[in-house]
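The same subunit A turns up in both complexes below, where it pairs with subunit B and then with subunit C.
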Partner chain A sequence: MTDIEAMLKKAGISVGDTISIESGSRNMKLTGELMPRTENNKSDIIVIKLKNGYNTGIRYTSDMRFEKIAQGKKEFTFPERAEKHAVEKKPYIQLLYTGGTIGSKVDYKTGGVYMLLKPSELLYEVPELEGIANIEVKQLFNIASEDMSYLEWQEISKHVAEALNSGKHGVVVTTGTDTMHYISAALSFMLQGLNAPVVITGAQRSSDRGSSDAFLNLACAAELAAYSDIAEVGICMHASSSDSKCAFIRGTHARKMHTSRRDAFRAINDKPIAYVSKDLKIEYASGYKKIANQSKELKPLTGFERKVALVKAYPNSDPGIIDYYVGKGYKGIIIEGTGLGHTPVSVQHEGFSWLPQIKEAVEKGVVVGMTSQCIYGRVNSNVYRNLRLLSNAGAIYCEDMTPETAYVKLGWLLGNYDSEKAKELLGKNLVGEICNRSNYDEFMI
Partner chain B sequence: MEKSQNQSDYYKQIGFLCGLEIHQRLATREKLFCSCSATPVEKGTEPVAEVTRYQRAVAGELGAIDRSTQFESSRRRAFTYRIFDSHTCLVDIDEEPPHALNAEALAIALAVAKGLNCSIVDEIEPMRKEVVDGSDPSAFQRTMLVGSDGFIEAEGEHISVPSIFLEEESSGIEESSNEHVSYDTDRLGIPLIEIDTDKYIPTPKAAKEVALQIGLTLRLTGRVQRGIGTIRQDVNVSIRDGARVELKGIQELDLIDKFIENEVLRQQNLIKIRDELVNRKASTGKPVEVTHIFKNTESPLLKGNIKMKDGIIMALPLHGFKGLLGYEVNPSMRLGTEISDYAKMAGVKGLIHSDEDMNSYNISRSELKMLAESLGIKEGDAFIIIAGRGEIVQSAMHYAIMRAEHAMKGVPEETRMAYDTKLCTSRFMRPLPGGSRMYPETDIRPVEITAAMLKNAEDSKPDIAKAKSALKKSLGEQLAMHLLRSTRLAQFERISGMASADRRFIANMLLQQFTELRRNGYDVDAISDDKLVELLNYYEKGTITKQAVPEVLKALARSDMAVEQAIKSNNLERIRGSKLMALVSGAAKELNSKDSKTLLQYIMSKHRLNVDGSELNEAIERL
Partner chain C sequence: MTDIEAMLKKAGISVGDTISIESGSRNMKLTGELMPRTENNKSDIIVIKLKNGYNTGIRYTSDMRFEKIAQGKKEFTFPERAEKHAVEKKPYIQLLYTGGTIGSKVDYKTGGVYMLLKPSELLYEVPELEGIANIEVKQLFNIASEDMSYLEWQEISKHVAEALNSGKHGVVVTTGTDTMHYISAALSFMLQGLNAPVVITGAQRSSDRGSSDAFLNLACAAELAAYSDIAEVGICMHASSSDSKCAFIRGTHARKMHTSRRDAFRAINDKPIAYVSKDLKIEYASGYKKIANQSKELKPLTGFERKVALVKAYPNSDPGIIDYYVGKGYKGIIIEGTGLGHTPVSVQHEGFSWLPQIKEAVEKGVVVGMTSQCIYGRVNSNVYRNLRLLSNAGAIYCEDMTPETAYVKLGWLLGNYDSEKAKELLGKNLVGEICNRSNYDEFMI
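Presenting the complex of A and B:
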């Protein structure tokens, strides 16, 4: 316990209490609420909130006298909401809530960021959702997307299937944005035979700020889930930096392309399926799989092989990384190659070529897939001799899939099929992840 | 002294409370939390891009939404942010987290805090203050407490300065309508110092003096921006039984006291109206739609409004308000104006009230009669009429009723905007915000104030007394004081550091000559410091006479020419030495006289600007 903590404890003071601090040596007397300290504050600093709302940091000195003036109030809780009666005319949709920025809320006093505790709190923050559809909110977990694993992807898939099998028109899944495109790819593969819109959304600015992108993202996502005839998984986020419309991007062709902008998600080697304007008008922009008349029960195929790696090739890279994974018993490796799908293969100096390692991996039954770090475009195994060498060594060229989608696909294939089958399917289109045509207008949009 | 004592007593007696909030932009290289230029773009610069956003009030700490938040949110306006090359980046438009706090800005703020005798905080805790008018794309302003418990001496009074803040400037409004506001983001994020006094400034005159002193303190740093809009003085005023009103947008420092006096008068009049309304047992009635009464009206105003899509007319009876709507609360401002200003929030152009001349609107007697009947108007009652699109009229009526009802309670708390700079009156802008919601800015680390920072602040703090005594030595008391109170001190120091001319001469040029020329329409402020130095050097070398200096200034203010060209093309070169001798002997021949007075007068009448008087005298004597 630090000096400060010990002294506060002795005075019976805890965070949130109104206290006075007096120091004779500094001729100072201050009153305010004691704030929690963060990892960013210097160790000898006490932070109090003054009456004017400002926080100020005070350096602790041993002659300081502390006095508790008033007990702190309880933290803010959302007002209880009366259960809304379902409006028959509106479609029913499921909102699965998993955490992330969209579900975070600031404690206005301390500035601490918390995850929303109850799903209904999300409806409290975005009341217009209820004007769009009858929404059933379910919280699955409360985790940031970077902390999500395939176990969560499986869990989400099961709940999506459950909701759709119970008659919901569509499902909105809210997640963190960092790995949203991995999640969307995973759901695309796991929800085989999907016959309803599954819309993943989130926020780049938390919903407790008046400028949050969450409001438009959620409203557009709910609109798509409730009214569109799209039978695919996709990501619905801002189409531009303005709050004018959202783009709905196929789950296997979406990628987060910016660390912080609200229009970070882009369609890669594809066009968005649809746009939803702020007035909630859906404008279909390219071909998509439509909801079929007969509906079958959705049985998700959720197997996933964890021992699949995503590896980047770059100048001077050590091909020993392949040995490492093979040695660890990995069953699949996706390489993020350069250009059309290269790794170093004919370097003048010893120990740089990836060729022997890739050959050996393939021989040992590991499925090796090749993608490109260019992000945009298709890989090709024929143009250069070096490519042919890699292809001949047994690397599978993954067409126009992004490295992330190829990674998720291989994990999913190896989780549900044997290696031979996985090898056969990796380069073939299953759920729209591979397009045979590369359209001119699909670059940098 | 006696008069000011009387004044002071008077204001004490009416329960006058007054405090200032002074905002000053700092002249730093970069903005407060990013590396964009901190100098606004030149007028007329076109943006490179725009984004449009919507903001909403989010549930507050207590689940309640702040008054002005609710007001803005009820308007659901679209905000467009104009993005300028080198002046706007993703941080500004809420697309990237803020970078570290600008150390240059912090150093200036600390020096000012020291100059105003504040104690400096040990660790700065950056905060977010919720902003709801859209002027900040993030919907909050970043702000931090830098110093507290300071004071300033003004007119022998000790005025407390409880806090000094360092914060971000907001965006500037480019265009605004009821549905949409367009903001320029070049201004956004420029470092701003806010200095607050306590509310015990005793008189309007003292308020002016305090504002002057704080302005001087800021300028003495030499690190503040100059020009219109770079300093803003907001005044909080109330009297006993009145209410706190925040006056914004007073540009002329010299008019602060007049604006305050008028606000006091306004509150006194509103209290009188309140008392009379209570006395009359006044009340507001229910609004009634009266479109049918005016369907064949001759009134162009009403006819126009009915004709538009969804156009309606509504009227409201105000029982017991007769004569009071037309009561002047401030020069040219009536209670009717105040109610109208509220209605305008909804987007109507104004309203008609019964204390106005109905003939001027072409409203007929029979229409008035029908109106009175449908509203149940009796003797002593008044009414208002609002016309426009249905939804807007409904909402305008709501605001009008709100204001009319407040007339029976007294003075509403408001933010008001300086309106008429001749009459020094203000108009309603928005309801006074409740306590701003503030919470920590977790994207920025707290900043520890080190001993080195404190020493630097102490060494560079603005010190009025020191500046005054230094100036007095070279300029004398009067000129020194004049210069200190002007906005030209920094320029004076810069120029006198570069030019060899006498400091008094320079000070006089910047103060007297500039003022006079500006009054005569010459844009002397557009002349660069470099040119001024060059001009002074020409004078010092004897290339031009003292009298020619204002003429050169005129030429330079008129067009962007070189100083040498300005002198030559206007024939302002000094005539001296042998040329002067020749001029004198020529004149003597011409006049056939050697009388020095005659010669002097003759030559001066022809060459006043080119000849130095004493040199001429000597030349005549040598003849």
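Presenting the complex of A and C:
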């Protein structure tokens, strides 16, 4: 045990605790969360995460005074799954690793969270996963989700199909959280005809933090992939801010609704398909597509048209933005309108109405879809005159799809079908992305 | 009593009830909500609102069979406010009418909701308001909120100041709901130094529907304007789906979160300032700016720069959109990024990263602000390398402001100050739009 370790032990301080460090000789006082030490255990550097999010390394000197201010969160403890299933009876699942916070550690040199684990390290960090299933880990990329494009979505889809066609019961895909709901929507469309659970998960806090959500998320995702009879793509993340259960949300109805909370992902205009408790019990919460007895080869349909835009309409907004995309040869535009699906239309001043531009885009063969920036609820072109003007101009009202799902759907449609077919299918339900009935209780859950 | 009225009475049917109408001779069966009859009470037309939102008029024939399927919602009943306050002691308030659903009725000719009331009709429809306060009603425009621009925001601000400077205790502004939170943010900035309650309200359902929220919203708004000691701009709308109370939400923290629910407006990264119950009791829920004893003349600062854009970043998005706005001479751009405030930055493929465009825009003097499409939570440029790259390029991280509030703020800043000053003030709190601390319990309330 090094000096530092002995000193911390004496002060009753563990990794994850909030502590203060005071040094008279260096006229310094710092407060933060104690981070785990890295490879070089004999180093005399102590790393704490400051309130502003930065990590800082401090060289230990013997005059330092350490005080524990608050107990750190206890890490999630895995249930003894191995006892429940004999090793030889455990299902086989695939874990596709793509990057993101779940595989990241603090980079103690720069103070940021960026150094990404090798996938083998992920299983090494969470050895308990092996108790749940026989897991084959494959690294596809090492990309933060904000840097993922449809080219990666296509790759992931192909690997999911390959794993399932080779007999795996299900697949876990770990990704960054920022665009996880775009990814889940893309996989939902690309993997039509799916006959197995495809569970996307990740973490809001890196796995070397005491408060990381990585462990529960991974465990619940593995459980769903190995044992559930769900034949859909979904997102499995914390259902509440505590480490008590995860929600499995349909891939076309999920949305990241908070920048940092562990329970940031929510079902929009839908209920979660299932919950998984921390003792790995699956509770099915609403209707879902079940695995069929007759399984056939999964052939992903991965075409995607990049020239589709997602555009927000707001007061004073420039309708010329539509011309810009039409001029660049875009084939589709999803508008994030206001309320029931409005843009400025009957404005009393010159140059504010979007109606002429939308009309022209439609006439030129661009598929224009309308969604709502309210996020919750359904667009409806029947209620007001302005709505009917937009609808008559050819805008397709996208029912209860989020703007993000409508964008991914239109990109996928135009990547696989011609414009007429895309137009016809945009407002029709294909994989559960459109619910025919709006349920009043699906707001803010 | 006409034939129709007698027949409806006999069948126990009232306005607002869901009914079915069957006619053998016309081989017709329709179901919908019975609407009130218009001016021409002797007409033989019955109007019902169909499930798809359309109203349809049906000529009454004696072979028709009517059946009541469900009881309509009972309209909100006003408390006997007049008894509480002698007329001569009631405060004076101003009601500024601008259009929107609250003043609209069904147009029985076209079947849409568009015919707008005269403001005098609004008080005639809700005579109980006179029991709360001495109300002077003024019509400024007759515009749906999706068609409002900053030119109308400026007009409203001037009229609010005029009313308050002439001695009114407070002001109620009725607007459409689609962009109500943009309007409330604009008034918050334009009316800095405010020393009275400015209460924006409206309705999600038109006032001739049994389920209209117009009555409770108007009553609670009038109560706040007449009796509260709040010196802020806010939105007063239903707090739940029932007619039990309204929430008063700070103007810079409100957002329409549902396309159709009566309780669509929510406080984002904030708690409501107050609730008003249906018996018009005000319960203050969180800290707010109070009316000061010393009141001075309110001078609105109404400058607004139209050349400010709100742009969404998403997977595969075209970074050329930044060049487009820079080329058009835009002075400011608010980016709706992902998660903690990301755009694609370190993408492996050509033409996906937004970093070069953002750098160039900043170098050309454009103010670039970063917000999050998560809506809830705070952006933070410290946590990941990609974030620091964007921050180093000059993007200003807009703390816990919604994209909409950040957009309105930047338009207002650039309309009143030079770019340097705007840049300096964008991330600083001016009127309560930025909270220094994020409260964990301000999610999905």
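Assorted remarks:
Here is the rule we go by: the second predicted complex is superposed on the first by the 348 of 445 C-alpha atoms of A that agree within 3 Å, B and C clash if a C-alpha of one lies under 4 Å from a C-alpha of the other, contacts with A are read in each partner's own complex, and residues count from 1 in each chain.
The definition used in the following text is that a residue touches a chain if its C-beta (ideal position, glycine included) is under 8 Å from a C-beta of that chain, and two chains touch if they have at least 3 such contacts.
These numbers were taken from a predicted model, which means no experiment stands behind them.
Residue contacts after overlaying the shared chain place A:175 against neither subunit B nor subunit C.
By the touch criterion stated above, A:310 is placed in contact with subunit C alone, subunit B being left untouched. By the touch criterion stated above, A:320 is placed in contact with subunit C alone, subunit B being left untouched.
With both complexes placed on chain A, subunit A has more residues touched by C than by the other of subunit B and subunit C.
In the superposition on chain A, A:57 contacts subunit B only, with no contact to subunit C. When the two structures are aligned on the shared chain, A:260 is found in touch with subunit B and with subunit C.
Of the two partner chains placed by the overlay, only subunit B lies in contact with A:28; subunit C stays clear of it. Of the two partner chains placed by the overlay, neither subunit B nor subunit C lies in contact with A:157. In the superposition on chain A, A:201 contacts neither subunit B nor subunit C.
Once chain A of one complex is fitted onto chain A of the other, the partner contacts of A:241 extend to both subunit B and subunit C.
Within subunit A, the residues touched by subunit B in the first complex and by subunit C in the second are 52-54, 110, 112-113, 241, 259-261.
Contact residues on subunit B toward subunit A in their complex (touch as defined above): 50-63, 90, 93-97, 119, 121-125, 127, 129-130, 132, 137-140, 143-145, 148, 163, 165, 435-442, 445-446, 448. On subunit A, the positions that touch subunit B within their shared complex are 28, 35, 38, 40-42, 45, 47, 50, 52-59, 76, 78-79, 106-113, 124-125, 205, 207-212, 215-216, 240-244, 259-262, 278. Of all residues in subunit C, only 52-54, 110, 112-114, 141, 143-151, 153, 177-179, 182-183, 241, 256-261, 264, 266, 304, 306, 308-312, 314-318, 320-321, 324-325, 328, 336-349, 352, 372, 374-380, 382-386, 388, 404, 407, 411, 440, 443-445 touch subunit A in the complex they form.
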